[in-house]
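Just so it is clear, A, B and C label the chains in written order, and each chain counts residues from 1 on its own.
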Amino acid sequence: MRTYISFSAKAFSKQLAYRSEVWLRLLGNFVTILIQAEIWRAVIGHGHVEGITVEQMITYSIINTLLMSLLLHGISGKVDESLKSGSIASELIKPISYPLFLLFDELGNTIYQLLFTVFPTFIIALFFFGMVPPASLTHFLVFLIALLIALIISFLIGYLISLLAFWFMNHFALSWMLRGFITIFSGTFLPIWFFPSSWVTVANLLPFQYMGYIPAAIYLGSIPVQELFMIIVAGGGWIVGLLILVQLLWTRAVRRLVVQGG
Amino acid sequence: MTFRLFGKLVRLLLKERMEYRGDFILSIFSQIVAYAGDYIVIWLFIKKFNTIAGWTWPEIAFLYSLGLITYALGASFSFVQMRELENQVKKGTFDSLLIKPVNPYFYVISRGFNLAYIAHISISGCVLIWAMIELNMNWTISDYLYLILVIISGAMIQAGILTVIGAFSFIWVRTNFMFTLFFRLKDFISYPLPIFGTFIQILLTVVIPLAFVNYYPASYLMSHDTVMLPIWAKWFVPLVGLLCYWAGYRFWMFGANKYQGAGG
Amino acid sequence: MSIISVDGLTRTYRQYRRFPGVMGSIRSLFTREYTEETAVRELTFSIQEGEAVGYLGPNGAGKSTMIKMMSGILVPSSGELHVLGQVPHQARKENSMQIGVVFGQRSQLWWDLPVKDSFDLHKYIYKIPDATFEKNLTFCLEMLAIKDFIEKPVRQLSLGQRMRVEIAMALLHDPKILFLDEPTIGLDVMAKDQIRQFLRTVNREKKVTIVLTTHDMKDIEEICPRMIVVNKGELVYDGSVAKLREKLGNERQVVIEFREEPGIIDVQGVTLLQEEGLRKTFLFTRNESSVFELVSQIAAKHYVEDVSIEHTDIESVIRRLYQQLAANQ
């Protein structure tokens, strides 16, 4: 375990080396929140649409923008690179679990983002835009669990993409395609409660809503208490499913690597 | 001579891409999917709220497409080239360019000319034409000519800004996140400018003149109220385009000189 | 008239400081400290047309910086530099038509395209007349045996093949000077030999002036009659290889293995350099007496198991020079 934590620490301090970027990143997040806040002000104004006020929508945008900085999306590029360059072989002979190494490496990055991007952005956003408090204590606690699920799912999807790329096509193409789906179905910008019903059905069949819509909706209390349990269980189900899929592809990929001799 | 060199390089680039034909076509397709996602979100949004600041779906589609097509044209001459510059400077591969009897700026942008933007151009071009038909505008020849001028100018504005960012590589500044910031700022112009406060409107008109890429020209073409500028200001668009591109080029050359160590 | 003249040339760099560790990284968010490094210091030399000069020195001696200044990539901080009668960075484009530059570790080729395409583009950029191009191409193809793989994409070539192609390309436009930055780095013995032979021919027969940096003394021995040695940006030797050998050749390194600990060796002209148990390395200065005489003096007093006298090939001459430099500091 200590070995893995040291990977996180390494990734953390690597990020730290990029000094001036911290300020730019904060500015970038501020811009994103500002754009969305202005859009919601333009269409909702002082009233509310389907019971949603502009304050709630701004909170929704802030949560989603912050969550985006935390998600473990860097992984797919990393695996792809080591598979293609063959350096994967040297990763595999180390007495560590490669997926865990990746996870902790990414977590180091996430912790960095939490401290240097998310926390300051949160303060700035609170000051400039204001946020509504969580709907209830229960909602807040479940929100924290949902955040964890978001992190894990983003990691697994990234991992899956990089493994798929190993067989089918270039990782670049898959990532772009994935981006298209995430833009729509994570609900990061447009919450799923504003979707037409047929689109809601599709969104519910995909795991992407856990990476944006669900945590924010829980925080705002748009999902009633009695449904929370099922939502979390379903999230856990997605994790297990993805985990099995990833494990399966991973063993195949390694076997293929061994056969090809790297 | 330079234009022929550009043609020569593009031929080689095309040949290079065709070495991995399948990959190339696939990445074009996937980028179209990604941008379709962006369009769909805006479409879903307007389906729900009807208009944004009085702009209907075809109008927003026109605005957004104008932003995307000019970005694709400008970026094919700048973005990837400028993003890679940091690495080239660090690894010293930029040096091999300075030993050639060519203008380094021109060589960099032609050598890295990005054919993959055909994806952005096709999807935004199609939506643009769809929106024009949908809006049923009675345009004269001069309106169409103005549109072409606007597309070229918008491309020059974006290429100019990206070139300025890339030039920072020469001064040992990491440029990666500056590019990300540019893309965040570019999100502003996906929507009608008046929804933002005065400060942002001034910022996007004067400091980082992205509003000239699509918002001002689209407003004139569709006779929307443009709030900040009078009608004759539509001729600012090509001026701003030239100015941005010229500034980008000058700053890049200044950076390259600095890299060589002239006076610093 | 000299084709390259360097007078009091200096080049400094700014090195931005990075702090180690997590706290250090946080610190570098706020500061921008830098140190001024001198890569080339007050260098003066000149090279005549048709010469082949080996430019060498330990890592960080400023060899690449010098090549970059001479090829117009970098601007000197101070001093005078003229290549083909011009200031290289001011007449960068003009000069580039008359020089060829090969960077050992940086390819200028199109990775996914056949070698031929890179050559064609080169012809176009350098505006090489058809006849000249054909003549030079034939010469290089034959001498470097490139013909077999000219239709292959560059990514499929071995390192040795690629280097041959790089060198050939640098010569297609009939340059007057050829700069090579570590042209044989990472190559196997066969490939190195081929390149050396070719460069020698280019220098002797085509009268192309050659300046090359290297870590491999064999390159110098086989291509360059003259060498310039730099250390920490300063000139430490400029002259023929033979002269340097003579200069340092007065000293010999001798390794003696004793049967038992000899204690302090007190023989005129013998200095202890290094000891690993009973195996000791001495420096013999042979002014009056020969190495053999000195060895027999020692052997007369102590039990000597084995003696080996280091060869004075150029490699060890240079090593001696570097050791001397290190000792003087």
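To be clear about the criterion, a contact is a pair of C-beta atoms (placed from the backbone, for glycine too) under 8 Å apart; a residue touches a chain by one contact, two chains touch by 3 or more.
The structure displayed is predicted, hence computed values, not measured ones.
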item: Central chain (by mean CA position); value: B
item: Centroid comparison with chain C (C-alpha atoms), farthest chain; value: A
item: Interchain centroid distance [CA atoms averaged], chain B/chain C, Å; value: 46
item: Distance from chain C to chain A - Cα centre to Cα centre, in angstrom; value: 51
item: Centroid distance [mean C-alpha coordinates] between chain B and chain A, Å; value: 28
item: Two or more partner chains touched - positions in chain A; value: 20
item: Chain A contact footprint on chain B (complex, rising order); value: 22-23, 26-27, 29-31, 33-38, 40-41, 44-45, 47-49, 52-53, 173-174, 176-178, 180-181, 184-185, 187-188, 191, 195-197, 200
item: Complex contact set, residues of chain A against chain B; value: 18, 20-21, 24-25, 27-28, 31-32, 34-35, 38-39, 41-43, 49, 169-170, 172-177, 179-184, 189-190, 194-196, 199
item: In the complex with chain C, residue positions of chain B that touch it; value: 5, 8-9, 12, 15-16, 19-20, 91-93, 95-96, 98-102, 172, 260-263
item: Footprint of chain B on chain C - complex, ascending; value: 11, 16, 68, 71-77, 89, 92-94, 96-97, 99, 101, 103, 106, 108, 110, 112-113, 117, 121, 124-126, 153
